[in-house]
Amino acid sequence: MTVNIAVAGASGYAGGELLRLLLTHPEVEIGALTAASSAGTKLGVHQPHLVPLADRVLAETTPETLAGHDVVFLALPHGHSAAIAAQLGPDVLVVDLGADHRLADAGDWQRWYGGDHAGQWPYGLPELPGAREKLAGTKRIAVPGCFPTGGSLALAPAFAAGLIEPDVTIVAVTGTSGAGKSLKPNLLGSEVMGSASAYGVGGAHRHTPEFAQNLSAVAGEKVTVSFTPVLAPMPRGILTTASAPLKDGVDEAAARAAYEKAYDAEPFVQLLPAGAWPTTSATLGSNNTQLQVTVDVDARRLVVVAAIDNLTKGTAGGAVQSMNLALGLPETTGLSTVGVAP
Amino acid sequence: MTVNIAVAGASGYAGGELLRLLLTHPEVEIGALTAASSAGTKLGVHQPHLVPLADRVLAETTPETLAGHDVVFLALPHGHSAAIAAQLGPDVLVVDLGADHRLADAGDWQRWYGGDHAGQWPYGLPELPGAREKLAGTKRIAVPGCFPTGGSLALAPAFAAGLIEPDVTIVAVTGTSGAGKSLKPNLLGSEVMGSASAYGVGGAHRHTPEFAQNLSAVAGEKVTVSFTPVLAPMPRGILTTASAPLKDGVDEAAARAAYEKAYDAEPFVQLLPAGAWPTTSATLGSNNTQLQVTVDVDARRLVVVAAIDNLTKGTAGGAVQSMNLALGLPETTGLSTVGVAP
Amino acid sequence: MTVNIAVAGASGYAGGELLRLLLTHPEVEIGALTAASSAGTKLGVHQPHLVPLADRVLAETTPETLAGHDVVFLALPHGHSAAIAAQLGPDVLVVDLGADHRLADAGDWQRWYGGDHAGQWPYGLPELPGAREKLAGTKRIAVPGCFPTGGSLALAPAFAAGLIEPDVTIVAVTGTSGAGKSLKPNLLGSEVMGSASAYGVGGAHRHTPEFAQNLSAVAGEKVTVSFTPVLAPMPRGILTTASAPLKDGVDEAAARAAYEKAYDAEPFVQLLPAGAWPTTSATLGSNNTQLQVTVDVDARRLVVVAAIDNLTKGTAGGAVQSMNLALGLPETTGLSTVGVAP
Amino acid sequence: MTVNIAVAGASGYAGGELLRLLLTHPEVEIGALTAASSAGTKLGVHQPHLVPLADRVLAETTPETLAGHDVVFLALPHGHSAAIAAQLGPDVLVVDLGADHRLADAGDWQRWYGGDHAGQWPYGLPELPGAREKLAGTKRIAVPGCFPTGGSLALAPAFAAGLIEPDVTIVAVTGTSGAGKSLKPNLLGSEVMGSASAYGVGGAHRHTPEFAQNLSAVAGEKVTVSFTPVLAPMPRGILTTASAPLKDGVDEAAARAAYEKAYDAEPFVQLLPAGAWPTTSATLGSNNTQLQVTVDVDARRLVVVAAIDNLTKGTAGGAVQSMNLALGLPETTGLSTVGVAP
């Protein structure tokens, strides 16, 4: 099988990571690359690391330039995917890396993003219960947000096994590429190097309802999420620290057993040996998730730490993994667990 | 007044920061500088930034080399201060930057550090209720751990005002200097740059009982603390994210009022204007604490973010501030709120 | 003496560093702070580290807002100082941190910056031969570029002592703050972290004629400079590696003697002990220059390495040092050789 | 073809990078992994990013553990390869990533490394004139040093085309992984982050004779090299700035033509479009070299900037590329020009 793909938003970080992965995907042929303000320029100007594509000229992002491909990836700002997607045929596999089709609840969409709700598509986090069934053969995929990827992988097994109360605290330390190429003063190298800062504190970050949606579905009850993202001086990576009160009688052995059960067969989630803790650098450029779980016996909380590359497993790698499922390819095709370290 | 000071552990990071501050302290004269394995070498080899002291030769750390000073700072590994301190006269002001004299409870000491408990000294975090009274005129000061400095400043006002339940979650992102100059593989630049990692997870970090001791005293009841430190690729700085369930009826206005009341007169705690969030770089090299508080109405939690420089307010600056109080000097002498940024 | 100062361009990095230094200058009172697009906003928004000035509102940069001060610092983009300066009275000390008044030659100005040449002012690098005489009592100061500060200090003694041929190679590794707060994609944290890149290669950087002007004056003959700046992932600091062919008979001892002679009495240039090499972090936030010189006997070249903080000695510190000379204050007033490390 | 390989020094950075590349090499089967002090531990402890090999136990590095493989990679400290290599059979392809077999001249070896000279092996920089012929079918390969890789690629075409005088200045900015996992204070994250520093200045770095050997061979005359390495705060990457006096009559067009001729057919050297400059991040994890050349008409020098990943093209990638040639495989097998950015 050779599928012809197009990438809308090829000049951005998510688009660049997609292309990096697709360049080594054995079943993929790279078709149209499109952009907004960068249309007409060469990809090499924006993505100097994508050497084989350096001379490709970016087209404008329109339904016409994206037409005629088997798969279209939309790596666009939130709110821009729905209109484009609506004009792509039902036989095209559309993979939306934006938020437009993640949330089930129209009220949530309205509150957190504003405007009309575009509806929900099958959710591209195959490790969640029931997700693979919905992704198999689908023509529409909503790729998760990078933070909900880490946080949902961190806590889903605990809810599935009934280990914790539905009152979750998540602090996620992220690299700067999660913010994209936005030209904002606080994203300048001079500002971010040597500094850590929190943002979207107190339930203000748009990924909050996505965490709650994912975890509530697994828990079978409403899960409350206190989420704080922290910007750290690194280009990539998310280190998620998630915790919740333990249910009575749960101990370290039960916790570990639940995570082993959940992840032993997963190709892209690695429960580390007891005593080892995740580092984001070990996942850099890979689709791997490093994870460790423990029990704080004094505080009576389960604590889970998970490391991912926000651009790979957290965005483009998750998108390719889900595409593979949708196309009926082996799920790991074109993806790797091997990070680039140090 | 001119006080003659000695610094034991002058070749390390805490000792170096102390000397940086003391070099501009108008009432201080720098006497003996001592070290362990570096004794006999020049300070400039270890602290090339302390230009005026570059040719000072390090003496060995012994009661004799430290004798004859008005103030002795002990910047030694945990467990090494008590024996030395016991041999310094009762008229000498001894400021212990290690953990030896922080904990009140001998059982806590035994559990977290091992060995005999050296007893508790007045605690060098003047912003805590009652602390200044104990520090005034004292001859013994226990300088807080860097993490408990940030976390205690973050949550003490909430407990003092009865805003939160005694069940606290703290995730603190720290620069690498907090680990000192230990030659461990995971502290190599190649390992830490571009990576975030957690350690001491699940209640295993030695600062855990210190948090609990501080906050329980303010709360008037036992406070449970789930603490996770995260190592980030920056030399300095701690960004603390602390949260706890709100008591009934507490809203944003009440929270803000409590923090304004607690900190409006504090010289080294800056409650930021609403909507602004702390950055560790803004506190770099200063004794300032930047702090913001908010209420997550969905998760019903108070969330506080605090930024300090772990070596300044978190260690050496706090030590000087407390020394000033012990000596009857204006508390801010030789200290600044102005950071070095970007 | 208390001098009232104004800073035009207070929201930028150079302006911020000036204010950081002036806040501890004992003879200075901080008056008007002005900006362009940020006029009307509070300084704390742009410079959160300057806590004592957080509530100061930025005025617009005009001759009127700057009037009535003893000293006016112009930290403006190149080409913007001359027009403003022309409207400030002859009794006001005007310190231009931009390039407008650095070059003697109108043709050089025209070639490298374009537009009318504003003339040359006394040059604010006191360590150069004859510079202090011109700065004493002057009412106009041209602060050097950050790269020429490092490179001129690195090589002036060698030319003064006749050690080298007038054919110089300089590669200077710089932190990102040298580029200011410009919102350019290549200055985003995601781009600069983990990466080194050269720019202005092949004689294209505007500081090239300033190097040549300084070194030619010392050498008494035309000095050719091949200059390459390299952007490195750090907020501050310039590490200059400068080399030139040795004249016959020059050896290590002669080289060292020339540098000792030149710098032994200089308060802000530190020739390191033989075998020690400069690190930019040791100069962070200080007005110090760390310098080392050696002779490559195989390549028959003199090699000098110099470290400065580009914002301090390279910009704002040099400006204050020169202001002190112009005002008849001790040259070191308000300045320090002590860096903030690690 | 499936070749069975062993890696001696698998716990270090060079060994780790080799394994990262070999894991995706289609003709390779990974056999024995050996180490010195880490023998007996699992690879996952040292290389957490090499997930598929996490449970492999490290053997001790001996001729016996390395026996029975088609290819043996020696990623050992300098001076340790020769003795081991002598005990491996003549039919085994031995690839030495250390310095032991790089230098032709016994006197050079004696001066720069000390001890007995082990002799010279075919040099693993296929882009140098004549190198491929020597590598084809060889059973012994000396992998170049990381700095000489960058510097030789930067200047070889200029010497081949007679553009420059044999008097070269090279300043190379390197990431910290080039120093390996050595536990030295100056390599701690706290020291390297936020700082640039030079070392081995004045012709003292051991790579100096290797540069000279390579370039002299191309030039057909003795080339003098002034080399200065600069440590920058990044884990990987070398940015080489190399320059030399132009011969009469050489202009930009001639320079560009020479580099196009040299590199247009090279799979792992990318001459960038005019006006674009290399960034090390664009080569991260790839075997690509980004290169740009220009002429400084005022200084009459050719200036070349080259970016590589020190661990990939500069060490392990170059080793695999050379192994491919020795085995008669397509040279690019298992290697990529696509970097991991941002």
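In order of appearance the chains are A, B, C and D, and numbering begins at 1 in each one.
In the analysis below, contacts are C-beta pairs under 8 Å (C-beta built on N, C-alpha and C of every residue); 3 or more make two chains touch, one makes a residue touch a chain.
None of these values were measured; they are calculated from a predicted model.
Fewest steps needed to get from chain A to chain C, stepping only to touching chains, is 1. Any chain that touches chain A and also touches chain D is listed here: B, C. One simple way to say how far apart two chains are is to compare their mean CA positions; for chain B and chain D this gives 45 Å. As a whole-number value, the distance joining the C-alpha centres of chain C and chain D reads 37 Å. Each of residues 13, 177, 188, 190-191, 193-194, 233-236, 279, 281-282, 284, 341-342 in chain D touches at least two other chains. Chain B contributes residues 167, 169, 171, 173, 188, 190-191, 193-199, 201-203, 208, 224-226, 228, 230, 232-237, 239, 241, 243, 245, 277-282, 284, 292, 294-301, 303, 305, 307, 341-342 to its touches with chain A in the complex. Taken together, the chain C residues at the contact with chain A in this complex read 13, 175-177, 179, 181, 183-185, 187-194, 233-235. Listing the residues of chain A that touch chain D in their complex gives 13, 16, 20, 23-24, 44-45, 47-52, 54, 177, 193-194, 235-236, 270, 272-273, 276, 279, 281-286, 288, 290, 336-342.
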